[in-house]
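What follows is a group of structures, each given as C-alpha cells.
Shared chain: chain A. Partners: chain B in the first complex, chain C in the second.
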Partner chain A sequence: METLVIIGIVNGLIVGGVYALIGMSLTLLYGVLRVVNFAHGEFVIGGSFLAYVLFNTFGIPPLAALPIAAISFFGLGYVAYFLLIPRLARSDDPESMSFLMMYGLSIALAAFMLVLFEADSRSIDYSFTPISMKVGPVYVATARVVALGVTLVVAAGVSAFLFLTLPGKALRAAIMNREAIQIMGVDIVKLSAFAFALATGIAGITGVLVALVFPAFNAFSGPEYAIIGFIVVVLGGLGNPLGALAAGVFYGLAEQLATVFLPQAMAQIVGFALLVGTILVRNAGFGRWRVSR
Partner chain B sequence: MKRRDFFLTLAAPVLAAGLAAAPALAQDGPIRIGMTVSSTGTFALAAQSGLRGAEIWVDDVNSRGGIEIGGKKRKVELVKLDDRSDKTTVPKVYETLIKEEKVDLLFGPFGSTLTAAAVNATETAGKFMVIWSASADSIYAQGYKYVVSATQIAGSLLGQPGVRALHSMGVKKIAFAYLDEPFPAALTQGAVDLAKQLGMEVTMNEKFAKGTKDFNILIQKAKASGAEAFYPTAYEGDQMTIARQLREANVNFNAVYLVYASQPQFLQQAGKDAEYILSQTLLHDKINWKVTHGLNRAQMMERYKKLHPNAQYTADFQTALAYGAGVVTEEIIKTAGSVDAAKLKEAALKLSDKITTVTGEYQIDQTGKQFKNAFSIMQNLPGGIEVVYPPQVATAKPVYPVPAFDKRK
Partner chain C sequence: MNRPNPSSRSADRERADRIYYTLAALLGGAVILYFAVVPFVGANLAFHFYLMLWITMASGFNVSSGFSGYMPFGYVAFYGVGAFTTAILVKKLGFPVLLALPFSGLAGLVLALLFAPTLRLSGIYFAIVSLALAYICRLVITNMPEEMTGGSFGIQLGSQAEPVLSFYVMMATMMLALGTILWLSRSRLGKALRAVRDDAEAADMMGVNITRVRLYGWLIAAFFPAVCGGVEAWYTNIVDTETAFNTLITAKTVIYAIAGGLGTVSGPIVGALVMVWLDELIWRQFPLLNLLILGLATVLLVLFLPRGIVGTLLRWRPAWRRYVP
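Entry: the complex of A and B
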C-alpha cells in the first residue's frame, strides 16, 4: 500500500501539473475577457495533434514540438480573437452569446480534426531513453518527468510574467477591474487579444504534454480536458491564475489518491464532489485574490 | 349528376388503381434495410468499419440480382442515418428509419450501448433487427421477439476463449479490469465466471469510468494483487494508453490480454507497446473458415479493396461481423420468403447451425442470442502476429511467460 501511495502522489503531481496548465490558461481567458471558452479542450487536443504530425511527418520529437506549438497556437489565438471576440461586443448579451459561440467553435474544431485525422485514437510512438527511471521504490516514465519539468517552467514563466512585467501587471489589472485600466489608458483590445493568444499558446503546449502523459487522444477528447479545466478554474477561484495552478495539482493528487483507496471508477466522482463542495462551501475557491480586491 | 359527384366518379377508379399499385411497387422495389452509423464520437471508427462490411454484402447480393422472394429477385438498398455515437439520439433515428424512410427491416448500430437504445424502437414498431456487433447478454434477456444476433457472439461468451487460452498456458492467477459500459462489462463477467470455473484465482476485478485517462494505479493494483496475467478490457484508445503505461511503469506480467491489440489501428499506433500482447479477433489471414454461404475471407478482402480503395485501414473484424450478418440476413429473408418480422424470426431459428460465414458458425436460441462465432486468440510476436489458440487453427505456440520489458530487444 505504501508503494501505491507514493505512486499516487508522484502521478498526482505530474497529472495535476497538466491539469494546472489547462486551468491556468482557461482562467486567464475568463478573467480578462469574461469568456467561458468551451473550445479550450479542442485547442489542447489540437496541440496533441500538432505534436503527432510533427513527429510522424518530419520526425520532430515532442520536446522540440513544444516551442513550435507555443508559437503557432499563440498566433492562432491572436487571429481567433479578432475573428470571434469583437463580434460579441456588439451583442446585447455578450456573456450568454460567448457561451453559444464557444460551444459552436468547440464542435467545429472537433469536426475539423475529425476530417483531418479520422475518428480513431492516435498515439505518438515515441519514447525517451530510458523509457522510465527509478525514483525510490517506483518507476516513473521519463516522459512524465519531462512533462512535470515543462509544467514547472511554464508555470514559473507565466507567474513571473504576470507579477514582474508591465504587460503581466496590466493583465492582472484587467482581471481585477476591466473598466478601471481603460481609464488609465491601457488599450483593452490589444490586451484582450494578447490574453487570448497567451491562453491558446499555453493550451498548445499543454496538448503536447497530454500526448506525452496520456498517450492516446482523438478528435473528441477535447471536452474531457475542458471539463477538468472548468473544475480546476472553480477550485482555484474564477480568474485567478495562481489559484488555478494550485487547484490543478490538488485535483490531480485527489484523483490519483482516490484510485489508491477507492475503486478506479470513483476517481471522477471525487473530482465532481470537489467541484460541488467548493461551490457550496467556498465559492471563491482556493484563491482570495478576487475576494480581497 | 352534381359536379362533386362527377369528380368523385372519375377519381374513384384512379384512387383504387393507385392503392392497388402501392403494395405491388413495394414488393417489386428494393428491400430497404435501415441502419445507423456513427460519423462522430467514440464508436465512429468501429461503426464505419462495420458499414464497409455491410456495403460489401449489399454489393455482392445486388451483383447476383438480389434476394429471391416469391420467385422474384429484389435488390437490397441500405438506408443509413447518423447516430453520432449518442445513445439518446439512436431511438429517434431508428423511428425515422421506420416511419419516414419506411425500411423493411433493420441492422443494429455499432455496439451494445447503441443497440440497446435502438431495439425498443424496432420492437415497438414490430420490425426485425439483425444485430452485428451488440454482445451484451442483457439485450437478449428482455424478451424481445424480433432481434437476432447474426454474427456477434454473446458478451458472456466473448471473453472466454481468451481465458481458455491463458489457462492452457498455465496461468493460475488473473487480474481483470474493465470500462464500465455494457460490452466490456459483459465480456469481463463471462471471462471471470469461466476463470473461476477453471479453478483460476481472480486476484482483482475492478471497473473504471469512461474518460479515465490514467491507468497507472490500476496497473499497480493488478500487479500488487499477485496476478500472473492482466486482462483489462476497454476500447482501442484506452487500451493503447494501458499498453504504453505498462511499459513506462516497467510492470511485467507473464501475459497481458487486450481485446483489440491485433487490430491494424492498434498495431500502427502502439508500436513497441504492442509486443507480446495477446488479443482476439475473427479476421486474420491465418483464420480461414470453410464458408457455406457468402464470400470467404480472401474474397471478402478482395471485394473490400475494390469497393473501398481509399479506406485508411484494411478490413477489421467489425467489417467481417457486418459482412457476415448480411450473409445471414440474406439466407433468413430467402427462407422466410417475406420481410414480415415474425416470419423472419422463424426462419432465423430454422437456420441455426446451418450456416457458416466468414466469421464462423451461426447458432442462436429463441432470444436471438448468438452462441458461436468464437474469436481466435492472437499474439503479437517479433516475427508478426500469430494465431496461438485454439489448437485447431493455431499457427504458432504462445510465448509464455513473455520477456520482461528490460529483456526485450
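Entry: the complex of A and C
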C-alpha cells in the first residue's frame, strides 16, 4: 500500500506538471484575451502528433522535437490570433461566443487530425536508455522523468518571463486591467497576439510531453485535456498563471491518488465534481452581476 | 400635452399582434403541413425525423440561451438522461413506449432541478459547469450496474420499432415545443425572463421573482431535449452512452440555434432547416469531411453572423421585430 501511494505521488507530480502547463497557457489566454479556449486540448494533441510525425518520418527524437513544436506552434498561434480574435469583439457577448467559436474550432481540428492520422490511438515508439530509473523505492520510466524535468524548466522559464521581463510584466498588467495598460501606451493588439502565440507555443510543448507521459493519444483526446485545463484554471483562479501551476500539480496528485483508492471511473467523477464544487463555492463570493437572494 | 392617443396606440399594438399571430399561424401551418405529408409521399423519413428533432432541440436551447441568457454547453445531459429513461422503463420495467416518454420529460425536469443551483452562476462559469455536469451524468450512467443500463453495449428496445408512429410523436413534440415558445415569447414569464437576462437587478426592483423566473425558464429548456432523447431511442431502437451523451449533440443544437438567431420563435426553425439541409448535402458529398466542415461552419458563423439569420434580418430592419415571431 505504501509503495502504491508513493507511486501515486510520483505519477501525480509528473502528470500534474503536464496539467499545470495546460492550465497556465489557458489562463494566460483567458486573462489577456477573455477567450475561453475549448480548442486548447486540440492544440496540445496537435503537438503530440507533430512529435509523432517528426520521430516516425524524420527520426527526430522527442527532446529535439520540443523546440520545433514550440516555434512552429508559436507562429501558428500568431497567425490564428489575427484570423479569429479581433472579429469576436463585434458580437453581443464576446466571452460566450468565444467559447462557441473555440468549440467549433475544436471539432474542426479534431476532424482534421482524424483525416490525417485516422482514429487509431498512437504512441511514440521511442525509449530512453536506461528505460526506467529508480526514484526512491519505486521505478519510473525515464521518459516520464525527462518530461517532469522539461515541465520544470518550461514552468520556471515562463514564470521568470512573466515576472522579470518588461513584456512579461505587460502581460500580467493586461490580465489585471486591459483598459489601463492601453493608457500606459502598450499596443494591446500586439500584446494580445503575442499572448495567443505564447499560449499555443506552450500547448505545443505540452503536446510533446503528453506523448512522453501518457501511453497513447488520438485525434479525439483533445476535449479531455481541455476540460482538465478548465478545472485547473478555475482551481487556480482565472487569470492567475502561478495559481494555475500549483492547481495543476494539485489536480494531478488528486487524480493519481484517487486512482489508488477509488475505481478509475470514480476518480474521473471526482475531478469533475471538484470543478463544479469550486466554481459554485468560489463564485458565491464575487460573482459579476449575480444577484444574491 | 403631446401624448399619442392611447386608443390609437392600443389599436397599433393590436394590429402588430394580428400580423404577429398571422405570421406565426402561417409558419406553424406550413411546418405542420410539410411534415405531416412526409410519410405519405414516401419522402426520406429519417431525414425529416432528425430535422424535427433538431428543430425541437434548438428551440429548447433557445429558451435557455435566447430568453434566459444561459449557455448550457452540457445540454446533451438532458437528452441522454431522457433516452435512458425511456429505454430502461420500456426494456426493464415493461412500460409501453408512449407511457414511458412522459417519464423521460419528467426525468429531464428532475435533472434540471438538481442542476438548478448552477443558475446562480453566469456567463462562462455556467457554461463550463454545465459541460462538466454532462460529463458526470455520462460517467455515472456508464458505471451503473450492467443489468440496468446495459453497460457499454447499451440497451436494445427490441421489437418496439414503429417508424411512422414515432415520426408523428416527434412531430407532436416539436409542435408542443414551438407552441410553448410562441406562448413564452408573448407571455408575462417570457417578458420577465428577458428582463432578468438583460438586467437582473432592475428586474428585481420591478418585483420580478428572479429565482423563480429563471427556474421556470430552465425547466422548459430541460423538458424538450429529454423527450427528444426518449423519442429518438424509440426510433432507433437502441441507446448507449457513447451516442446518447455525445457532445456533438450539444454542438449541433447550439450551432443550429445560433445559425437561426436566438431569442425569436422562428430563429431555431430557420437555423435548423438551413443547417440540417447543408449538413445532409455535405455529408452526401464528403462523408469524411462532415465534422471538419461542421466545425469550420461554427467558426465562420460566430465570426460573420453572430446574431444568426433571423437576428441579422431583425437588426437590419428593427421595426420588423414586432411582427416576426
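The rule is simple: the second predicted complex is superposed on the first by the 282 of 293 C-alpha atoms of A that agree within 3 Å, B and C clash if a C-alpha of one lies under 4 Å from a C-alpha of the other, contacts with A are read in each partner's own complex, and residues count from 1 in each chain.
Following the convention adopted for this analysis, a residue touches a chain if its C-beta (ideal position, glycine included) is under 8 Å from a C-beta of that chain, and two chains touch if they have at least 3 such contacts.
This is a predicted model, so every value here is computed, not measured.
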(message) Under the superposition described at the top, does placing chain B and chain C together on chain A give a clash or a fit?
(response) clash
(request) Classify the contacts of A:I279 with the two partner chains as first (chain B alone), second (chain C alone), both, or neither. (result) second
(message) Let me test your reading of the model: by the given contact rule, A:Q268 touches which partner, first (chain B), second (chain C), both or neither?
(response) both
(message) By the touch definition at the top of the document, which applies to A:M184: first (chain B), second (chain C), both, or neither?
(response) neither
(request) State whether A:S96 touches chain B only (first), chain C only (second), both chains, or neither. (result) second
(message) Contacts for A:L164 in the overlay, against chain B (first) and chain C (second): which applies, first, second, both or neither?
(response) neither
(request) With the two complexes superposed on chain A, say which partner A:T259 touches: chain B (first), chain C (second), both, or neither. (result) first
(message) Per the definitions at the top, what is the overlap between the chain A residues touching chain B and those touching chain C?
(response) 110-111, 114, 263, 265, 268
(message) Give the list of chain A residues in touch with chain B in this complex.
(response) 3-4, 7-8, 11, 15, 110-111, 114, 118-123, 125, 127, 131-132, 139, 141-144, 213-220, 224, 255-256, 259-260, 263-265, 267-268
(message) Considering only the defined contacts, which chain C positions touch chain A in the complex?
(response) 71, 73, 117-118, 120-125, 127-129, 131-133, 135-136, 139-140, 142-143, 200-201, 204, 210-211, 247-248, 251, 254-255, 258, 288-292, 294-299, 301-304, 306-307
(request) Could you pull out which chain A residues touch chain C in their complex? (result) 36, 84, 87-88, 90-93, 95-97, 99-101, 103-112, 114-115, 223, 227, 230-231, 234, 263, 265-266, 268-269, 272-273, 275-276, 279-280, 283-284, 287-293
(request) Flag every residue of chain B that touches chain A in the complex, lowest number first. (result) 38, 40-42, 44-45, 48, 177, 180, 206-209, 211-214, 216-218, 220-221, 224, 236-238, 240-241, 244-245, 247-251, 265, 269-273, 312-313, 405
